[in-house]
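Quick heads-up: structures coming right below.
Look at the two complexes coming up: subunit A is in both, with subunit B in one and subunit C in the other.
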Partner chain A sequence: MSASLLSVRDLVVEFDGPHGPVRVVDEVSFDVGAREVLGIVGESGSGKSVSLLAVMGLLPASARVAAGEIRFDGQRIDDAPEARMRALRGGAISMIFQDPMTSLNPVLRIGTQIGEAIRLHAPQTPKAELRERVEALLASVGVPDPATRARQFPHEFSGGMRQRAMIAMAIANGPKLLIADEPTTALDVTIQAQVMDVLEGVCQDNHASMILVTHDLGLVAETADRIAVMYSGRIAETAPTDALFARPSHPYTRGLLDSLPTLDAEHDELRSIPGQPPDMAARPPGCAFHPRCTLGQGRPACSSERPDLRTVGIRHAAACHYAEEAAGDAPPREAAQ
Partner chain B sequence: MTRYLARRLVQAALTVFGVVTAVFFLVELSGDPAALLLPTEASPEDLARLRESLGLDEPLLVRYLAFLGNAVQGDFGDSFRQRVPALPLVLERLPATIELALSAFLLGIGMAFAASLAVRLTRSERLRTGLLWVAFTFQAIPTFFFGLILILVFSVWLGWLPSLGRGGLDHLILPAFSLATFELALYLRLLNSAFLQEQSQDYVRTAYAKGGGRAYVLVRHVLPNALLPIVTIAGINLGVLLGGAIVTETVFSWPGVGRLIVQSVSQRDYPVILAGVFVISLVFVVINLLVDLLYAVLDPRVRYS
Partner chain C sequence: MRAAALEVAGLSKEFHVRNSSGWGRRALRAVDDVSFAIPPGRTLGLVGESGCGKSTLGRMIVGLIPPTGGTIRLGGETVRASRSAAERRGIQMVFQDPYASLDPRMTIHEVVAEPLRINGLYSAGKVDRLLTQVGLSPDAGQRRPAQFSGGQRQRIAIARALALDPRVLILDEAVSALDVSIQAQIVNLLRRLQRDLGLSYLFISHDLSVVRHISDEVAVMYLGRIVESGPRAAVFGAPAHPYTQALLSAVPSVHRRDRTSRIVLEGDLPNPLDRPEGCVFRSRCFKAAPRCATEAPALAALDGDHRAACHFAEPTPRDRLARLAPADRPEEKTASKEDHP
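Right after this comes the complex of A and B.
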């Protein structure tokens, strides 16, 4: 793992709550190798976006990194001075946000906003060169007629085109790591695949790694090399994509996979995981998932001991006391006596 | 765009017409101008003769139509008291009012911008509360009272600045500052909430993610968006100021339009009142039109058609 581009170790992020700090990210570790695509999957509020804002050093004022370390290219960045972080942001690490409708400044031209990404890192860029580069960037993300489009405002762009513009902005300085936070969630289904193609394309062209945050397992299945599943601020399971789909070893992952719609109509109704994710300020003791878990019902270990991530296969780890059983290796236990 | 402008200009003309008409009939209720122009011992015959010479003996409706006919040609009649055309009398006062209004407006809004940018940049909660306290206090003090305090301190006690009239810059300072504090309070509160609201928008996070620093993001991204809600209010407010800051002009004996109108009302000088109201309502509608056009420049989402 020494060759990781990004290495996050035991990251803890706390938010100020009315009754003291709330751990929204709780000892999360993950690595992203060079040119690797890591998918981070979880429900809203599982801490996935917050972990990545911590990587960018863009946590809101009410949050802070309470423990752990973040390394980029071998150097710690969680305690780096603001000037260094500014150089990294939009430079070697860039981020694409969920909602392209609100993530662009409504009163500035698209070309200005993309050009700004260049100018913030190379203030001396001459105007003519800047314009050329902006148009080339727009063309590279599949925006037709870039010279005209660059002079337009965000409200003149469709959702898909705006997200393309956001991607153009993110790759303006040839980043090594691209963080895409739910990049297609706000888009029409027909546009989602196009935007994912553009994202994959720019990663390859730039030899960049990518972290793809989503709640859509189907989306990461096609794109990611590895997947980390987050639940209630912790990583529940992490594995190479194939292994995760072939042998999900955490009941939560299993539940997520079961809730994917399939074409072969084995069941007419979509299955869902019963219950709600727990309140971060009042997590259940033991495994945070146990109140919703079919496997752990009534088992004392699940409600008393918090399971740590442990190896269950090659580069495959799960945080479940009964991971083998969840994976289907051990015979399912009889109904509670 | 041309059609939009044409429609707005027609609306503006109708507004001015409505205001002048309303005032024409309202001043009629204030009493007989002739009674104020002649000494109290004047005979009824003298009064009748004066009324006739002023054209006041005609029926109201006839006078109204005659007034309209002359007004569209720019003739509002002669001042009853000064016996000179009323409109030039008003226009002559306009520079003084514009001077006071603009300097108070710019001073107030400038101080408000400086203060709220300082609050955002330092993120000092103490500075923010302190400034808002100052703002509330200024807003709560009646203008005439604050003006008198300024005169007492800077003219009477310290003797630094003149207390009345118009002249050089030194004459402008006290009335402009007195008016500006009220403006400052208004814009400080508006800007404070506009900044707070814009600061949490997604595009701000995008700007940081591109590598922008705090001051850069504030000025380049937040400020242009925070300006939008301010512009409308500022336009209306500037219109009010240009209409004559009557209280301030009176306290500092500033020879502006506001003071002229107040004097004319108490003298029942109808032509001057009507000319003054005409000029003020014209200024008001023109500024409002300009603000709406400026809005389209500042916010590309707004297009008039």
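Right after this comes the complex of A and C.
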């Protein structure tokens, strides 16, 4: 996998806690290939957003990369000087955040903000050309009447339109990698469909890769080529999208799929995962999922030995001592309809 | 026939908002002539996108805001504008955000005891029973909200809502803020409580999959109006209103990963201050015709209890929805005339 655009190896991120450092991301590794869409799924607090903030070099002051390495286009960026990160951010790597209302400046015109993203990387751009590029960008994300819209303020945009403006800003400098952190969570489902179409379209047009972070399994199922499922700061399972849904091999992935009500299946009682996700500062020994796991009940290995990701299929890995068992009694999801 | 646990007829709410000039006020019709009935022990799921008036409707029913028009009947009796204690006890509410809806300074015992004390019904044993009923141990009563996770807090909010033995619970996005695995626990709890206590639910949510799972009847709201309603199997199996059809086709699913089967609506929800004449949905509708601009469609029966407010209502099985609307590339069809000015 020497060809991967982004390569994260054994990443550890620690936050300062009242009783010493807390490992919020614990030896996470993943790769994103050229023009690939990687979906990262996990519940709140699973470490998915923090991993990507680490990639962007945007961790808060109370956090640090304690171990591991991050390579972009073959070069290490986890220890890169701030000047280099500034050139990368909004350039070759750009990020789209969940809430466009808080990530746009309310007192600046939309066009000014998009123009700023261009100027930061090309300060000499003449004004007229800048205006043209801003309007072309807005048009490319489906904002009607871009000349007028560029002169409006964020509050004059609806939620879906704001997210389009954010996408325009993110693609202003032709990024190779787009990181979209819950890009449609704040949007309604009919608007979400529009915005996802735009996102996929800009990735194709720019030949860019994308990391889509979300808690919505349905959304990644539609969009991603490959999926990584995170639980309590670690990757529980990673697989090509079809394989993950056809043969979930970690009890947590299975639990998530089972607890999801769907528009198709008929179920009297949802099969929920008992208990709560663990406190990061006090993870259970062994497998962090074992107190909630039906498979691991009473098995000594689960409470003493931490399972590492191991191969269970083609490009398919799960961090479970009994992954074969978890997968084996899983009826194929497609057939379950 | 037994009286419905909750029945609303012609319920409307107008807010008066300031003009953009700052002079004078305009009427914003948030809820427009809404009627439905929920039988005892049943659930009505109310679906709609943000700003469609579903929360305003819930708040009117529970008495937090006075309606502009229409009636609310609880167990066959019309609820008066100034509610009696019994009427207030009969309808209780669970809110979306369990981080905002519990007083952080109160112990859990006090949170659940508060409605009982106000009504002079307090006993420590009753609070313990309520906590047990929602799956918490009575010992939890001594702790404060900060020590609980989102799912547990929502259990506490449910215990508080149940304290006065209501007949109707309004659940306003009650599981929307929770993670999937926890959401399933709370949905199962709600269904068990309904079976045990014979409660009626108005389950307000934007999540169609959860609504389908929990509801007996479903109503779909758009811009203050119910555009389609009926038994769950009818509305989800063969939606008739173009808006419901688009909503259902747009839900991402782990089972149907075929993006081409989606109907992508144009534009955004219109500004409710400036609602389209005629049918409120016509500005985004793929079936819109000249008639829609002049004549507002009434909520008319299609088949038994299945109703839709559309001149061209046509119950269509979900797997055939894709054939209804042309699947253009989104870049070409994003013109949004109705964006907020």
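Criterion: the second predicted complex is superposed on the first by the 323 of 337 C-alpha atoms of A that agree within 3 Å, B and C clash if a C-alpha of one lies under 4 Å from a C-alpha of the other, contacts with A are read in each partner's own complex, and residues count from 1 in each chain.
Throughout what follows, a residue touches a chain if its C-beta (ideal position, glycine included) is under 8 Å from a C-beta of that chain, and two chains touch if they have at least 3 such contacts.
Just so it is clear, the model here is predicted, and its values are computed rather than measured.
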First (subunit B), second (subunit C), both or neither touched by A:158: second
Touched partner set for A:80, first subunit B, second subunit C, both or neither: neither
First, second, both or neither for A:169, with subunit B first and subunit C second: first
Subunit B or subunit C, by number of subunit A residues touched: C
Partner chain(s) touched by A:144 [first = subunit B, second = subunit C, both, neither]: second
Which superposed partner A:301 touches (first subunit B, second subunit C, both, neither): neither
Subunit B versus subunit C as contact partner of A:103, first or second or both or neither: first
Which of subunit B and subunit C A:34 touches, first, second, both or neither: neither
Interface residues, subunit C side, partner subunit A - complex: 49-50, 149, 151-152, 179-185, 187-188, 191, 206, 208-210, 212-213, 236, 246-248, 250-257, 259, 262, 264-265, 268-269, 318, 329-331, 334-336, 339-341
List of subunit B residues in touch with subunit A within their complex: 201-203, 205-213, 216, 220-221, 224-225, 228, 298-301
Parts of subunit A lying in touch with subunit C, wherever the complex brings them together: 43-44, 140, 142-144, 156-161, 188-194, 197-198, 201, 215-219, 221-222, 241, 245, 255-257, 259-265, 267, 269-274, 276-277, 333-334, 337
Residue ranges of subunit A in contact with subunit B within the complex: 56, 58, 82, 86-91, 94-95, 97, 99, 102-109, 116-117, 120-121, 153, 155, 166, 169
